[in-house]
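Shared between the two complexes below is subunit A, which pairs with subunit B and subunit C, respectively.
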Partner chain A sequence: MKPTALPWIAAASAFFALVILQAESRPRYGGALRVEMSAALNNLDPAEIPSDPVALEAKARLVPAVFETLVRLDESGKPQPWLATSWTHDVARKRWVFMARPRVRLHNGMMWTPTASSLEAPDDRPIEQILREMARPWNAIIVREPDGTLTGTGPFRVARWEAGKAATLLANEAHWKGRPYLDSIEIQMGRDLRDQTQDLQLGKVDVTDASVGTSDETKAEETLALIFDTPRSTPAVREAVALSIDKVAIRRVLLKGHGDITGALLPQWLSGYAFLFDGKRDVARARQLSAGSPPLTFSYDRQDAVLRSIGERISVNAMEAGITMRPGSSMADVRLVMIPITSRDELAALADIAVVLKAPFSFAAAPYEAERALIDGFRVVPLFHLARNWSLAPRVHSWPDLPNVWIGQP
Partner chain B sequence: MTFRTKLLLLSSITVAGAVALVTGAVSIAARQGFERADGQRRSDLLAQLRRELDARGAEVVRQVERAAASAGVQRIAAGSAEFNQAQQESAAQDLGFLDVVQPDLTILSSAHWPARFGYKNDWEIAAEDWHSAGAAFFARIPVPEGPSVVALVAVRPTADKRALVAGGRLVDPVFLKSLGDAPGMRALLWLPPGEVVDAQGGNPDITKLAGLVNAARGRDTEATGTVQWTSARSSSEAFLAFPLEHRGQIAGVLLAGTSLAAQFALENEILWIGVVAAVSGILIGVLLGWWTTERVTRPVTQLARGARAVASGDWSARVEVISKDEIGELAAAFNRMTEQLAEQRDRAIQAERVAAWRELARRLAHELKNPLFPLQITIENLRKARKRSESEFEEVFQESTGTLLAEVGNLKTIIGRFSDFAKMPPPNFEVVDLNEIVQNVMRLHDAQLKAEGSSKIDAQLDLAEVGLRIQADGEQLRRAIGNLVLNAIDAMPRGGVLRIASSREDGHVRLSVSDTGMGLTEEECARLFTPYYTTKQHGTGLGLAIVQSVVSDHGGKISVLSSPGNGATFIIELPVSPGEPA
Partner chain C sequence: MGRILGLIFATLLARGDALDDAVGQWGKKIASHLAADEIAHVTWNSAAAENDYLARAKTLLARALQRRLRNPKSVEVTATLSQNLKGYLFIAEMRRENENIVEMASVPRPIPMPETAAGFRLDRRLLWEQEVPILDVIVVGDQMLVFDTAGIARYEQRDSKWQKAEAVALDIPPVRDPRGRLTVNENSLSAETAGVSCRGTWKPAVALECQAGGRFTAGRNTIEETGWQPYFTRAEIGGDHVVGAADGRTYVYDATRKQLSVSDLWSDFAAVSNSCTNAKIIGAYSATNSLAIFDLANQGPVRVSDSMDLPGPVTAVWPAGNAALAVLRNKDTNRYEAYSIAVDCGR
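What follows is the complex of A and B.
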């Protein structure tokens, strides 16, 4: 071989290698995504907002894949047209009229032809607020079939639903934005964390939940918080518990530096005012407040090693302040939960948190006042803002954006 | 109570007492034996428990030393390990808990309570225990599930002295179960202020153990006692209370219990065997006593029976002589006595018979002598008249033959009476009316009672209004009642009241004949019905004897009520039918 051919051979090899590498990173159509989750959903009806934070997070993530709203919020939280292409005032300037996107087909093959009234909204508040409310997944466009089933327009349609156990979503070939990459999504619900981890290790599943605080993702999408459900605890005792918790040690040792210590429900990146909520420790003050405190039962996900450690540490901290918190059942006085941040909009996110807290909520209030109202009385004690964690098989790409998830080569 | 019953009772009580005494003695001896064995078992148990705890302590020391030398603990001491690294080291050494602490007792990692990292260890043991390398000891350590638990603890420093390692075994149900794994044995742990941990997961009544626990805590040494959990004796357990103490601090009290169910079952078995043996012994004793009593009292019973027979007139009664002892002699004496009595009775009867014949002969002589004398005189007069003139003879003959006929008639009458008494025929029963018979008798004597010159006798009849119809021989009754009426008339030579009454009384009829005559003495009343006994000047003494004979033949009875000067009342009671008692 002539020496002059060698550079050409090397260049050709590099070219093919680059082509192969590009092919590996290019999205592929087809394949079934296997998902296991702790949440157990009874249905995907957007009208039913779960109060269980785990179910809320799962439903808020799955509903947009099946049912679509007139508008959606972009990454920066700005409303963008979705099933509605535009919106204008009516002639009397008392109502907003939304223009339906043409050539949108429902999952049953019919064309989406909304009635005029379903595309109108009274002009009783700022259009920005109206659009943010419309963007909530719970306000998605649904068509109820005579047999009670729900039909939507999203990139996936429900092919099988076993309440609380399993579901199969199939790709909507006629989606107005084009079909998703995946052919289907197989979902197993109500699986405990240990089984999910085991299945992932055995290659039986592609996506599972993961322990809190183990992700390197910096964007916090969940708030670890204590929720006091029963009237056994007084505001003073709840405040004492909040003041007793050594968040610094928990973040440093148990969360290994992940997450942000907070006293706010919404993370700083979303609200911009999270620093205004104080979450500092004051054991002396906690001891004063805890006088006469009854023993409280305390529940947390014992399958999650990190959550369990945090729960035990909180019990130790509370004990130091003179409060007994014993592990209890689901009807415990106190719960340690991960509250999902379900929206890029502060009020929409707070509205979902209010559902979890079973607290009243109004979109008319300013976000800070709305959050302050939820936190006052210490019914909820925010502790950390944490990223949402999943464990993924190597072949899964673009998770968790379901329409864009694709399966790579094994 | 009969002699036999008394004797049987006495023998039974004696046998029962003896058997009960033996059974009780055996039971007490068995119980004392069991108590000695129980004491020995408790001391063996104590020694075994001490050996076991010492062995466990030595094992804990070895495990903690291995943990202190492990790489994981070294990393913890160096601050380069996870907060829960102690869990791995604890599991590796099979320890129930493991704490790695800094010299100032700040927890670096805790196996049983990982969340306590950073806190100062605040066990209830002296600070010097952390820095000494002594033997294992019992201490209370805090746990997340509650206030604290008891553990067998050993403390050792790491090789670089940067940390202390405290580890050991929790005195939990598993530990207790391993201690009390012998059959019938179990271990409990008493924790202050008043909690009991049971290896079997039970919930023992703390109050029943309080005395034992307090004794062990107060004396700071072992205490023994028995606890009966329920009303059943088989629920009893013998406990050995062993204080878990270190440097004056009592972490808890270990209670080693051995069930006494088997012992009590054995005691009960022995007791039941004793009871069965006692009952059998008593039963056999009673049977033997009954047999013996029967043999002993049989001659006495025969004697009593013989005496009763003799009393009822059976002079031939004899008793079998079946032994040569005192009872046999008594039976022989009884037989001799009855023989002599029979002989004496025969002699008396013979004498009485002779006396009766003499009395009869005297009566006959007396009765016959009276007519014979006129007969003799008349015959002599006839002879004299024969010698005198014929005409005078004729006159005398006529008169004398009349007299002879009259006296012969008297003799025939006298002989006839005796003959009648001797030939009293059996009654011919038929239905008769007693009132009618009484009225007929009174009609026969009516003329006699109303005759001129005779004393005034007022006859009164008080007969039953309804006819008294009975089964009887009417003729014999008429004769008997007639005799009583004649006797009454004879008893009232100066007049009086003759009263005859009849009535029906409860299955029989009653007839009374009363007079108001001179009455009779008690002796006369007693002999009144004796044949040939009479209180009258010319009586044959057969009248009342005939009356008694008639009444007796009719199945009735006759009695007399009388006293001197108060008249006499003869009472006849007759059955309605001859078969029925009067």
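What follows is the complex of A and C.
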């Protein structure tokens, strides 16, 4: 890490601590929240799941603020009624029928009157599986207007959308749970991390992304991993790279002790079995496996000082095992990425990771088997579980629960 | 950590059936990987301290894997008690020739029993708890009125238990931070919440007529009163006004409305006086889930009691006769609990 990054990180940590201290105050209505993010989203259409992990994380967080699902997962990952108030079998016990919540209005002012068929699901798998699939933001209820725009029922409506650049979300005064506390959310997309940090320091923005591993938050919601995108590397070479990485040193020196070393995609708090995936270093074995390895191009976010340092260290470690990893473009053979944990349900979270990996996925498998299938072959090499980092202005409360975010005293 | 796990496991003991079923099924799955002449030799690898729950799981697994064989081959099985978001996870690892076999069984996490907290000079008594957000509760003799976001329910005390006598649904517009107030005077009753005001009677039965308007701002969590900016709550103490303002801060004004002090101390409060003390403020701390008693001294609030820790954030504090009513959302059970909070002058 370069010395120049330290004051920014310290300031961000201080902001974060302040917000935690004020967490239980009486919420206040009104105000505009100004958000800057690295992700650049083309749209909020739930049907389009981004394969870029940065965009996936941002979209998974924004979509539920505008579009809602029939059921949602609570804090412990259990499905709860949302736009559907209950569900029951039909008479023939061949389908599940969901009861629509009454008096729900769409953003265009019309009442939400779903067709009967949109409130049914075939009883061809366990109801828990049906509910966890329904709870994914990508299965939100949308109404397509004649002009192609999408209308939802969520606590915010889209007032302005400039693809990849900026958006304005306005409070839905008629939301069935009551209007959100904020009047609006102003979003600037595609901002680089340095500009975001500067804008936060100048008071131009309330929420920004923050560098990896700068939060004292302990609950890991992202997995730092290597993804091998091209067929230039064999499974043996990919395993060699995995075995060469000195995760202990990276965690101690570059992550300043933050995060957990892992070989699993899902963190232990979510799956309970993460410790089964071994991620230990074995340079001797890596050298055996790497024989004849071609040079690989390697990409990572160079604007993030911590990610850049980790990327450089991984290149050095791979070199020790006889593998050359040269810095490359976004079309590189290997990417160092933060994969978001988008759900509190193991399978739903793995399904989104499968989108990032462009790998097939089935909800029918048990979580351990599904995760094992994604990891086998070393297309993805999980390295660390880390908390999601933001920098917040001290006046921001209840972030990142957008409908319940409110702005208090600075 | 060990103590926490111990507490959780003690609660789990009461749910033996779930453990029996889970470990029994788990044992069958493990046994399915054993050949006819093999037995499992289980080594437990648990971070949790040895306790009755774990001991029981070990016994159940040993029973499920029990085989009577002459000269059996032993297969090493590593068993782990882990936990995830949804509950507890039993994990077995068996290393065979070229394969690492994993079998799992899960047990749902029980709802931990809330700890009771005792306060110094603050006395709390649970009046009512339920899933629907409670706005206000009034107890009059052997009758209790519970105002929530669905309407008003009247309970009667029979055999020392509250039995529901009737429930009247009210068409209350949704608000994200709902607040409401009941007022009883003889047989008459008024109920106010955001954008709605209802008046009528509660004896012999609850009968109300509602109309738009009233003190509570529509779609917000503030109260409107002539001569004041919209506020969360307001109390008079010895001629001074204590105002929980819409900006989240608490202001103290003198009788001439001159500002004396401002603080970020409370999220809500109520003024209370009883036979043993002059008016005091019972305040819910902004930063923690706790209550304490305060006096006004040197133009600002001064804490005069130990704080009382609560099992969740306080959603309402209202004056209630010579005590206060505090409503909180219990973080463990996710239910709303209404307490009568009294100032105890006993020490």
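Note that the second predicted complex is superposed on the first by the 385 of 410 C-alpha atoms of A that agree within 3 Å, B and C clash if a C-alpha of one lies under 4 Å from a C-alpha of the other, contacts with A are read in each partner's own complex, and residues count from 1 in each chain.
The criterion applied here is as follows: contacts are C-beta pairs under 8 Å (C-beta built on N, C-alpha and C of every residue); 3 or more make two chains touch, one makes a residue touch a chain.
What you are looking at is a predicted structure, and each value in this text was computed from that prediction instead of being measured.
S.K.: When the two structures are laid over each other on subunit A, do subunit B and subunit C clash or fit?
M.R.: fit
S.K.: Of the partners subunit B and subunit C, which touch A:Trp176 in the superposed model: first, second, both, neither?
M.R.: The answer is second: A:Trp176 touches subunit C but not subunit B.
S.K.: Of the two partner chains, subunit B (first) and subunit C (second), which one does A:Tyr273 touch, if any: first, second, both, or neither?
M.R.: Touch status of A:Tyr273: second partner only.
S.K.: So in the superposed three-chain picture, is A:Glu312 touching just subunit B, just subunit C, both, or none of them (first/second/both/neither)?
M.R.: In the superposed model, A:Glu312 contacts subunit B only, not subunit C.
S.K.: So in the superposed three-chain picture, is A:Ala249 touching just subunit B, just subunit C, both, or none of them (first/second/both/neither)?
M.R.: So A:Ala249 only meets subunit B here.
S.K.: Of the partners subunit B and subunit C, which touch A:Ala364 in the superposed model: first, second, both, neither?
M.R.: neither
S.K.: Between subunit C and subunit B, which one touches more residues of subunit A when both complexes sit on the common chain A?
M.R.: C
S.K.: Should A:Ala291 be classified as contacting the first partner (subunit B), the second (subunit C), both, or neither?
M.R.: neither
S.K.: Once both structures are aligned on chain A, how many angstrom separate the closest C-alpha atoms of subunit B and subunit C?
M.R.: Minimum C-alpha separation, subunit B to subunit C, in the superposed model is 31 Å.
S.K.: Would you mind writing out the residues of subunit C in touch with subunit A in their complex?
M.R.: Touch residues, subunit C against subunit A: 80, 82-86, 88-89, 91, 93, 102, 104, 106, 109, 173-178, 219-222, 232, 244, 246-249, 264, 267-268, 285-289, 313-314.
S.K.: Give the list of subunit A residues in touch with subunit C in this complex.
M.R.: On the subunit A side, the touching residues are 21-29, 76-78, 173, 175-181, 268-273, 275-276, 344, 346, 366, 368, 403-404, 408-409.
S.K.: Which positions of subunit B touch subunit A when the two form their complex?
M.R.: Touch residues, subunit B against subunit A: 83-84, 113-119, 144-145.
S.K.: Can you check the complex and tell me which residues of subunit A touch subunit B?
M.R.: 246, 249, 253-254, 309, 312-313, 315-316, 320, 326-327
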